[in-house]
Each structure stands twice: as C-alpha cells, then as structure tokens.
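Note that the chains take the letters A, B, C, D, E, F, G and H in the order they are written out, and that residue 1 is the start of every chain.
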C-alpha cells in the first residue's frame, strides 16, 4: 500500500464510502513499508544509508554493469568494492570516467560531485606498506561520503619516531582510522596520543601465528587505550563508513 | 626538565652563561614530557583523557582510597569500575556522597557537577535484562564524561516489535551503544534502522557455545549493517568512553 | 496508539475534524505494536509462544516469586529452568503444589491441567546416566507443552545392543530427542534407525578433550545420518520446545 | 538370507527335513538385515530414507552415471548434490530430461512425478543473495521429497522492514528453513515472529572473522528465540531433508 | 525372546501348531539380543570387557556402595576411578580390605586374586612427578586386568640421560604407557628407542599455553616416532585398558 | 668410534701403549652410538624399525629414485607414501615390478617376499567410501610389515546393520583399524563389539564443521568404548605401523 | 659405573685380569651418566643449570622443607616459585633468613652470597602495574643467577611518553625483559628502540578476549620489531633464566 | 627542524633576535626526530638495526630492484627474504654477484665483506630435512650479521642417538637455533643438554593436527627445559637476527 492508496482509503472513510471497521481492518495489517518508506525498501546489507555501494566479489561484470546503469540513471554516485582488475577493465569500457584503484580493488564513478559534509579531517593511518590496500578502501569510501581524508602510511610501532614525528597531523584529525596487521599495536599507541575516536582495522598482513589478521584483531579489542573500537578484518569500507557517520555528528 | 628549567636554560644562553653547544646537547636529549606535558605524565592505561577512572579489580580498599583522596584534593570527579560491593561499602565510609551501582559494580564521586559537553543523546540499548550491568557501566561513564544518556533495555531480536516500537528514540539518538550476549544480533538490526554510529558491546551472557561472549563478539564484527564498530567483551566503560569522544566531534 | 485511538482518529477523519493530511502523518509513524499486538509486547527472549517459562539463573527467589504470582493470577502454567535447589525450597513454601526436579533443576506449577496437543510420542533418549539431567529438562518442557513423552536412558553406542533392543520404541516415536556427551555419536545411530526428525542435544558430560560438550556438538553437526538438527550444549529446554513445535505440525 | 530362504528353512523344519537344532543354529547367526530389511541394506550415509541422493563431490562422471542408470532401472527419482558444472554437462548427455541448477550445483532426474506428501508449505528464507545457492539445495531437496516449497530471498536483518513486509508468508508456512552467513542473526528474528519450527543453516558467506560460516553457526546455536535447531555449515540438503521429515508428522 | 522361546516356536512349527507365516512374522522382529547375548546387555560405557570398573565422579558414596555390594556378591574384582578421598573413607568402612590410592584417586577391592594373563611387562613412564597420578591410574588398571606392571617416573626429555640410563628396562617391556604434560615430547623419544607399541597419555600438567593438556595431546598426535597412539587427556584408565588388550594378543 | 677402534684402544691399554688416564679420557666422551648401534644411526623420523619407508611429499622423483636404488642394493623392501601419480609413473620406469596404489598414493617394491610375522588378522574398517584411501595406506603398510590384512569398507554408523552383519569378522580379528571422518563415531561402536585393541584413524572427510578431520579426532579421543587409541588425521601409515607392532606381541 | 669403577676395569684389563672381550661387553652397555655426569643425574625439569629452583605449586610445606634442607646442606642457594603465602610462612619458621616476595609468590634463601657473573644490566619492564608479579619473578630469578637487574614498571604503549622518557635506561641495558598483558604491544615498541635482545613475556592480565594472555602472546610472536623472542604466559622464571644465559655469553 | 635550524634558533636567542618566549614556543613542539635522529627515521618494520633486509613477498622485481640499487649506492650489504625463484632470476641479471638460496628463497648481495662481530658459534639445528629451508634462512641471516654459523640437520628426537652423537658440537656453540615441526620436541632435548640460550623456531612441517606449525609452537612455549625462547612459525630470519644480537653481548 503506497501513499496514494492510503490517501484513497482515508478519502473513502471521509466520504463515507468505507466504514471505520473496514478501514481499521485494512490498516491493522498495513505493511509498514508501504507508508512511504520507499528508501528503506531499497536498503540492502552493506549498503545502508549509502545506497550506491556494490560488493564486487561473486558478481559477474554484466551483473555489475546492469546495477551501475540503473544507479547512473537515478543520478547516484557509485562505489564498487572488492572488484578484480579484469572486471574493472570491462566496466570501464562503459563507464569511461570511472576511476579504478588497483591496490584496493575499488572502482568509483561520480554522477555528480561529492558534497563535503564531514566536519573535520578523517586521517587514515597504516602500520606498514602492505596495509595500504585496506586503508585505501577506507579512504575512498570516506571521500565519496563527503569527507576530507588524509593518509599517513608506514608508521608502525617498531619505529615509533616516525609516528611521533607526525603528531601534529594526528592531533588535527577529527576521526582516525588505523590499519595494522601482525601484532596490531598501532591503534593503542595512536589512541594514547589523541583525544579523538579511533577506528581500528585489523589487516590480514602477516604469516604463521598472525592467523590472517586474528592476532591483530584480538590485540585491538584489548587495547589499553580508551577510545578505540574495532571492525572486521580487512574491512576498510566499514571503517570508512563508520568514520563518516562519526564525522557528521 | 620542566618549563622553568627550559626557561632558565634559554636565559643562560641569552646571558652568555651557557654556550650554544652546551644548550644543544641538553636539548637533544630533552625528555619530551618535561616540556609541560604534565597531564601526559599522569596518563595511565584505561584512563587517557579521562584521568579519574580507577580499575577496581585487584586493588585493595586502602589503595583505592588513597588514589581517591589524591584525586579529590585536585578537584577531579572520580569513576571506579569493577568494584566489588564489600570494597564499595568501605570506600563510602570516607566518601559518603559517592554513589555505588551494585549491578554494574561502578562507584562515582562528584567533586564538581558534570558539565554537559556532548552534542546529542547517547542511547544505551540491551538485548536482555542480563545485559544491563554492562550497559549501566557504559551509561554511567558517558554521563560522567558530560553526555545526556538514555537507556532502552530488553529489546532483543526475538521480539522485534519491542524494538520497532521505540524507533523514534532510536532515530533521535546521536550515538548508540548496543549491548547483547548470546547470538549478538541486536547491533545489526539497530544499525539497519538508524543512520548514526553504533558501538556494539558483546556481553558474556549465555551458556554452552556462547563461549563467554565470543559468539556475540564474532557476530558483531560480521554485522551486515554498516556503521557498527565493536569493543571488547563486557567493556561497558570502553563503549561509554568511545561514544563520548564521538559525541563531541 | 491502541485500537481505541485508531478508531477515534478515523472517526475524526470521517467527521471532518481531522484532515486527511493530518491523519496520514499520524498513521505513517504508527507504532506497529499499538495496532493490537498486545501479546507480542509480552514476548521475551526464551519465552516466545510459551510465555510462562522463567530462566532461574541469576534471579533471586523474590524476583522469581513475584513473576510467579503475576503468572498465577492470569491462570498460566509455570516452568522455571536452571533453578538451584535452595531457591526451589523457598519458592515451594508459597507454591506448595509445585513440583521440583532436582536432577534437572526444573520447577513446574500447574494453574490448570495440561491439554495434550502433540500428535505422537516424543521419545527422549540419553547415551549415559550423566546425560539424564539435560534429558529431564527436555522431557518436562515437552510435557508442559502438551505432549506425551517417553524416556529411554543409558543406551550409548559402546553397547549398541541396548539400543537395538528398543528399536520398536524408536520406530513408534513421532519426534526423538537424543542427548549425548563425550563423542556424541548416538544421534547418528538413532538417525539411521528411524525415519523421524531427531533433535540432537550435546551435553557437557566428559573430561579432557570433550571441551564441555563442544566435541559432542561438532560430532552431531557432522552426523552422517540425515534428519538430525542440533541445539546448544545442555539446552534441554530448547530441544523440548523444538520437539513440541514439530509435534504439532 | 532373504524372505524366501527363511520360508524355505521353516518349511524344511515343518517337513522334518531340518532338525530344530540345525534351524536354531542358522537362526542365531541370522544376519539381521536378511529378515527382509532389504532397503536397509541399501542405506548409505547421507541417503537414509531417501535412497536416490548422490554426493557428487569426489566422484567421476562415469561413476555417477553408472549409479544413475542403476537407479533409473529401478524407477527411482534421482538427486545429485555438489555436482560441478562440467560433470553435469556430461551427465545430461545421457539423461537429457534431467535438470541442473548451476547456482546450487544440484542435478535432479525424475523417473516418475513427485507425489506431494508434506502437510504444509516449507518456506526457504535467505539473509542475502549470496546465500541463495545453499537455499536452493534445500528447496530442491524438499521438493523432490514431496513438499510444496516457497522461497523468500534477501531479507537480512540490516533491513528489517523487508522481512516484516512478508510476515504473512512467514506465518503461513508449516516449516521454515533460514539460511544466513556473516552474523547469522536472521533465524533469531524469524523464530521470534512465527510459532513453527525453524531449521537454521549457517552459510559460509563472509570474510575475515566470519570464519567460513562458524560465526553464523555459533550465533544460530545461541539464538534467543525458541524453536530453532541448526544443521552443518552450507548443509542445504540436510535442512531440506529435516524439514521434509517434520512436514510429514 | 530367549533360546527356549525360539526352540518352542520351532517345535510348534514342526508340530504344525504354528503356521510358517506366523513364525516368520515373529522371527522378522526378533530382538537381536534375545538370542543369548545376555552378557552384552550388561555392557556399559567405560566398562566393556572389564565389567567391574566404576566411574566415581558424580556418584554418591551410597550409590557406589550399592554397586560394590552387588559386584562382590557375584565374586567380581572392583575398580573405582576418580573417587574423592572423603568418599573413599566412607566406602572403606564397609570394604575394609579395599585399597585406596590417594594420588590417583583409585580404589581397588579384590574378591579373588588377579590371574596374570598378560604376556610381558607393561612399563608405565612419566615425564615428571606431577604426571604420577595419571600413571598410577593406568598401572592399577593394568594390574587388575592381569598384567605385570612396572613404573619409571620422572624421566622427562629435558634431562635425557635419566631416560637413556634406563634403556634396558624400556627394551624389556612388552607395551609402554608414557604420560607427559607440558610439551608432551617424551612418547616421541621413547618411541624412537623401542620397537614396541607406545600408548601416549597427555596429562593436564602445565600452565599458560599448555591449555590443560591440549599442547601435550597435539604433540603426541604429531609424534615423528612410529608406533605411538594416543588416548584422551588424563585418561590413565583408558591407557591401562588399551595396554592390557594389547598385552593379551 | 666403532667396535674395532674400541678393541684397539683396550689392546693398547693392555699392552701398556696407552695409559689408563688416556683411555679414560677417550672413553668418557665416547659417542654412545659408536659402540655398535650402527642400525640406530640409520633411524630416521617416520622410519624407525621399518627403515624402508619414504615420505614422498616434497621430494623430487630423482631424490626418491636415488634412495630406492640404495635400498634395493641392500635387499630391503620399499614403501613410499604420499606419492603423487606423476612421480609414481616416473619411478615405475626404473622399478617396473613396483606396485602403485593411486587411491592411497602408495608405492611398494618387493626386494624379497614378505615374511608373515603377525599373529592374527588385522582388520581395516571404514565408515564410508571416501575413507578408503587412508584405510588402504594402513592396509598396505601392515601387509608389508608381515601381517594378514582384511578390509571391511563402508559400514558407517548411520546404517548400523551393515556393521552388525559383519560381526563375525570383527570378532575374528586380532587388531582393528577403524577409519572415519565426519562425526567419527565408528570406533566407539566397533570398540563396544570387540575385545581387541582398536586403532582409530580420523580422516579429513567432510565439510563445514568437520574441520578437516578435527571433529572426528575429538570424537575418537572421547570414545566411551574402552580399548581405543588414536593416531593423527589421515595417518594410515601410522595406524598400520602401530597395529603391526601390536600384532607381534 | 662411576669413575673409580671405570678406572678399576681398565686396571684389570691392563693387569690381564679382565679379557678385552669382557671389558668391551661391559663398556658397550655403559650407562652414560656413570662416567661422572653426576650433576646431570640431578637435572630436573625447570631446574637445569640452576639446580636450586623448586616449583612450589602442588607440593606440601613438608615436601618443600625437606628439599630445602638437603639443598642447604650442600651449600646451594634456593629459589622457590609459585609458592602460596601460607606455605611461605611455614617455611620461614625454619629458614628465618629467607626472603618472601608476596606479589610474585617467590621465596629466596641465600646459603652464600650471589656472585655477579652477568656482563651488563638486565632491565625488566612492564606495561602496567598488574604485570609486576610476573616481572618480579623474572627479576628475582635473574638476580639469584648473578646479574645486575633494574626495573621499569608501568610504561605501557597507551602513554608512549612514559617509555620514551626512559630511553637512556633502555639503551643502557644488556638484555631486556618486557612483560605485558592485554594487547601485548610493548615488546614491539621497546624492540624498535634498542639494539639488544628482548625477551617478551605475555601476562594473563586482561579480560574478555585477552583470553588469559593468549592475545598478548600472539601479538608478541608477530612483533614487527626484530630481536624479540617469547616465553610462555606468566613465565617470569623462564624469562629471567633465559636473560641470564644471554647475559653470560 | 634539523641541527642547523636548532643552532640558528639558539643563536638568535643569544643575539637577542628571538625572545625567550618565542624560542620556548618553538621548542615545545619540536619534532623529536629532528634533533638528529636521522638514522631512526630510516627505521622500518623488520629492518631495525639491520637496514638492508627486504621482505620479498608481495613486491615486484622492479620494486625490489630499485631498493637494491639505492642500497648498493650507499654501500650496504643486502638481504632479501621470501623471494620467489622467478623474481630472483630477474634480479640476478642486474646483480650478478648476488647469491640465491632456492630452498630458503633468500638472496644475498655483498657490497662489502662481512665483518665477523659475533663472539662464538651460532649452531643451527633441525629435526628433519624438511625443516632445512627455515634453518637456512636463519643461517644466512646470522652470517650476514657477522657470525660464524654451523649447521646440524636431521637430528630429530625419534632417533635421539643422532643428536647425542653430536654433543660436543652442541656444547661448543655460543647460541643455538633449533628448528622443528610436527611435535616440536627438539628444543626441549637440546635445551636440556646445553647451558646456552636456545632460540626455538616452529616450522610448518607436518599434516593434520600439526596445524601448520601451531602444535610445534605450543610445544616449544611449554618446554620443560629452561633457557628456551620462541619466535613465530617459520621465522628463520627472526631467529637468526635474535641469535646475532645475543652473540654480540
């Protein structure tokens, strides 16, 4: 039942064409969404409030292309994550102005310029160079969601001076995203230096007992620094999304 | 080396009493903290930016009392977490105006009224009644950090209507803290209903394969809703702290 | 908004006192539950469709007593699980006709006789004698939910003839609940002998690598017999509840 | 020893050709199955009571073909699970009327029409689109076992309105199969909305700490909704089989 | 149906009193066990082939006493494992000639002298002194099952010379039981020195990452020495039983 | 220092050419092995007492060939395990009389006929057909070590009659090897039917929570039947070796 | 066979009283230890090279007292770890000059002054105050083994300035022991600041997903700083021992 | 701010050009590193104190080549670990005098001869031949860091005499690196024979429950021999680095 149907029913009540009992019976079983929550109906897992993100893994180029065309027709900006390079190449034939980030396997297409809505700077930090793909996914997500984003890469705790050297940039940030694999210690150190929310992202970087990011995840959950919260392993998109919500408070 | 020592050194340089070489040698090995970061020197794990929190577990009443007196003398508000009831009783003899929350084992003492600095409401939600102790720790923490806090308890996903019934309150909140044990599904549902950051707190409620909160933790890390980040099991303080930082952006 | 409020609104629309726009605005944000889903409002985790079950763990005798009195006043039958003996003794002073099962720590009070609604027999089977507490919780639950329940205890796979000896009873059952600890093999053997749904319940019986029931749980999930589904470790209540739902199909 | 042999032995006893001692000796060691449990002799792991299912993984096309021919000659319907597309193509050359489902990698061949024996509708639900392969395996299995099956896909908890919108279909079902990966929360929500048995199937959908379906499995075992039982990860066949047994009670 | 009933039925067939159809109907559903497998009917988990063992954990002194009296009346030797000292004291009032081993919490009562049936010596070895309780349980079990048992304690791998010093005794043994906690390395070294079967028993001795015996168990399962098989953590009884079966081959 | 050197030293002492001090100095640091333990020097991990087994994984065909030639030259029988088919083909060009078992990836070459030393029959049992590769590795190993080996495949617990049907063969065996994946229940049932040692071998057969054989392993370690010991996952060779040692007692 | 026996044998060979064959037979089976490795015979697990350490857990005061007296009589210094306070009190009645450290539950008795053998300073560092018991066990061990030991407590990574402030002491140390619980990040930061070996000790400090020290252990094993090696959780003794061996190189 | 800038500032203070307040403001925010810690700025994870090591995994040949050229230009020796053979071949075209070790996938290039700085011999030991790649990585690392390195391969505990045979070499070593997979017992035995620090390296050698080296790791952490510390699975580089730091004490 959409808005017009509801209006019609009420008019029929008003005009005496429908009895109150009849109207009540219909309204009781009223599908919640039909009251105008059209946008909710389009909500999808991993896309809430940011309807244009497409999870590229497990979809064919054709499937993605068809979604992109529909999106473009409604004027939405498009973000595709976990997109293999071969698929990206195929998609860019149709969407020539799209931009593909091979390290993070992200593709972005702008139907319209992004309007900056975030209040401060989101700073994306990595412990090593191998964490950059995850960080880039976070950075691109946050940019497309209307934030000013800066990056600070390869400042892991084994060379603590590299990090301290950049303390001004740490303190200037509004929200910080910290990506680290191996022992996952960087968010604790960063969290101890700033007074802002830190989103910690464990990366699957490492070998042996790094267990594909589990060690880093556990370390981050046990951070002795306050003001640190954690997302899933390699979930750059989730960190970028969370930071964007925070930056709009 | 504190401010006065630095000033003294510079004066001696200015007055020619100290050579430039001598001054440089001293400055090179200058302890960073001595330049006036006195508050940093007082930083402790779990207390950063919120110097008055005391982790009550493993400390005697006397040890805690001595810390409290020192804090009171400097006019700080005091928060003690994980404090057993017998210890609380002892402490309240000296601090009669302090308030003890037996469910969450938290004690609060106000040296001065809290100044509300948070922008919006922090809403603390639980799936069941057994999650309330963790939620209360979060709520008390956030209040003491200057936020307006509201609670919404016992709205777990097996009776989804209880939650939907409160949707206006969900949507009115600035930051949401969601505590759940067992299958830990509530943050996903809440995260799908609001467009605000959700801090998910796994609680150790459950039995068998709940594994003391691990199942809830894993579920929260894998939330299909965006805008959800997670803290350690039963870490109500950490969630309240994180939400407070966010609410000040 | 309850039924009367809705009726009132419609009357006001009909009478021209409320405009259609005004009515639509109110109806759009209509709390779903207020349309008469009162019973849903009483839904609670672990109690759905069976409103009178109380989880005894972590509640004081007084808290339980107060819930029981309220239930009795509405004529409901009462089931309390995980109730320590000392609490049971206190409760039975007020509810003298209640029955306490010390092995399974279950207390039952009949406000009215149970009406048998189940179609066939629910057969509760255990591998050993130490599994009986869990089995009894399942049996009492299923009885109170209106089923004929039979028990077959101590027929573990290391003495397979004990089980085969009872094959007629196995085949006569409508639904089977099989409780086993240690290697958890019994549901596979039972599942291979009958053509009926088997609810497997891992028990925490065992030592060393039984890991408090995890080994039995894993074995049951990997059953090579079809028609076996599993509930949480020691979850006799859940198995009895599930079997009751099945037995009413 | 089959029926005829037994009959022959008894006749020889009756006619005095065999002594009672001789007969007793033969009967004592009588293979249980030989008393007419011919169908039992054909029981195989994963095929009980549903003799025509073939586990396709690890078998060559030729091996499968030979089993199919034997089955067809006895007039049985055939179900092959976990069958790679290349093998399916080979098999369909010989069994042209067979139907292959590439998403779920299931092949079905009807030697005779399926007779509907299930009492009500089995509703197969998924949280996301990537869970559909597992759901389809369940649906095809249940159909071939004589049930009316309906599907409701992509109604995960992060967009709870999609699910609530379909509440009538949920309530109309006799048995519900719910497939979910990631945080595995959907069975809890569905279990809270219906009063029918829910078979929960964890799928291996997700990344990082989804651990190939373990997180979803744990969440489902800890469901706060009653009336939920769980099968192995990705075990669509098992869920369909279990639901079929239930639907015949 | 016992032997006499079967004989009676056959006689009735022979005499024409029972038709062949009637006889076949009865024989088809013939309970397997009734054909004279009386001893099987008495089999119980953890007691097979050795009917007099009683698992003491979770049984009251009275329950155990009643089982002991029944056993004594049939002239059986009695072995009780995992028996707390207080219970043992109570039992020894009635069974004065019984012997209690406080370290291993085992009680033995001889109704008749043990007949030595084992072929060679069973040698029970421990890595440290804290492993002795488990070893003693194994030794007492094997003795009561009719074996000559010797002990070699505290010869762990960190002082390899202690073990090599005893090589003659190692080589003289028929079966070896090796108990070790911590890193569980001893069975590998022993297995490399002898040409006889080694039963490895992980003990729960250790702390931190010994995980209550799991580390020792894993090490033993991965022994690079051939001829090593493993039983559950702390399962001295199981090792003694297995060694006894081997020693009778 | 070999026998001759020792003899020479003693002669020099006797003849006065070496002083007692000098001899003592040499003897104190005497390499233990040099006193004639030549065969020990050739011991290698996984080869003890059975020097001719070669672990094929990770070795090139050339490396294996060179070892085989050396073995052949000393008249030893040869067993190669975990040998890929392509390597086997290469080896068989040089060793034409060798036999390759593609299912278990084992290659055997007889330099001389095997002398049967085992006392009774070793019976190798599997739960399903997919367990046969592991069983075959055990069977071939035991045969080459001088045992009479029989096989009983595909008698898993979901069709318990298949197993009971073969009880005579079970009871006739001297040692039993039982291979099972999935829930790993078969050794418990077999262990309850016989009075002989059972070597349980978990296989990596299964999916989802079978965890590559861990579930079967745990179930076997927790067997409620006595007389069961366990080897590593898929370790057919180890089981065959252990059974051979037992069969020679 | 000790030195004198060997000398005697050689003399008998020399004097012709023993034939060379006879001597060779005796020497072949010569117990290795009897050649004078008396100290080896006294080796015990956890005591190697440091014979006077006693593991206090699981020993009675009387047992410990008896060992202490024997040690004192041979003039050894004594170290007892994991000793409960009540036992310590009993022991100190007999050994009045012994010193008990209640935090680390260590008791030390000097039969003679410790001779300092270590080359440089061993610096023991902790992340928090709750790590001090483990650190103290390490420090006392290292002191008794002849090292100069210094302590630097409560310098965790969330307040990095505290650590940097002490850099001179870090750089002055010869070996560093770093104890940390929770996220276990401190060894990585320390390892990045010094050019000396770091022994990392995970402590069981923390809650929830700290898993009793496992998270800290994993973090330390994955340290991105080189020159870090790890010992078992809470193994202060092991760290002190290892550091002592290193400090003597 | 580098040295010259600081000097300039002080000169301006001296000359009265800068006020003391101005100088203090600049000095307070002085970047720590700029005071001359240039070498620290070049610190990188996994490279500390040994700047020329390159982690080859995940880098292209071109990336590595560019780093190598820069290093060569500054006269540094170069170590590349985890380098695939195909990349090595490409690199050796430009660096002809470099040496590639295919087993350990390590490449070394000498810009200048290594100066031996280590005090004693570092002995690298393996349990089996499959552990050699890890051992070789350790050996090459230690050599390049200026140590005399010896190797002792294939002396696993199942043939303990091989190890004892080499005791003199064990005792002659200054530091020992012990690599073992499977049950990881070798470091315990070695640690019991020597009085020197042992670095234990778990290797991922094994199958089934070896869990890719976790079993060996756990065994090593639980070593009953003192003086053993552990590095990550397969971390030959880390062991060689740690041993080198120790050997310079």
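Please note the rule applied: a residue touches a chain if its C-beta (ideal position, glycine included) is under 8 Å from a C-beta of that chain, and two chains touch if they have at least 3 such contacts.
As the structure is a computational prediction, the values presented were derived from the model and not from experiment.
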item	value
Contact-richer chain pair (by C-beta pairs counted) among A-D and A-B	A-B
Counterpart interface for B-G, drawn from D-E, C-F or F-H and sharing over half of its contact pairs	F-H
Rounded Å distance, chain D centre to chain G centre (Cα mean)	59
Euclidean distance of C-alpha centroids - chain D vs chain H, Å	55
Separation of chain F from chain G, taking each centre as the mean of its C-alpha atoms, in whole Å	40
Where chain H touches two or more other chains at once, by residue number	32, 43, 45-46, 48, 127-128, 156, 158-159, 164, 182, 191-192, 208-210, 214, 217, 221-222, 224-226, 232
Pairwise chain contacts under the document criterion	A-B, A-C, A-D, A-G, A-H, B-C, B-D, B-G, B-H, C-D, C-E, C-F, D-E, D-F, E-F, E-G, E-H, F-G, F-H, G-H
Residue numbers on chain G that touch chain A, as the complex places them	127-128, 156-160, 164, 182-185, 188-189, 191-193, 206, 208-211, 214-216, 218-226
Contact set on chain H toward chain G in their complex	32, 43, 45-50, 119-120, 164, 174-175, 191-192, 195-197, 199, 217, 221-222, 224-232, 237-239, 241-242, 245-247, 249
Contact set on chain E toward chain G in their complex	127-128, 130, 154, 156, 158-159, 161-162, 164-165, 168, 182, 207-210
Residue numbers on chain G that touch chain F, as the complex places them	3, 6-7, 10-11, 13-14, 16, 20, 23-24, 27-28, 30, 32, 35-36
Chain A residues within the chain D interface of the complex	29, 31-34, 37, 40-41, 43-46, 48, 58, 202, 204, 212-214, 217, 232-235
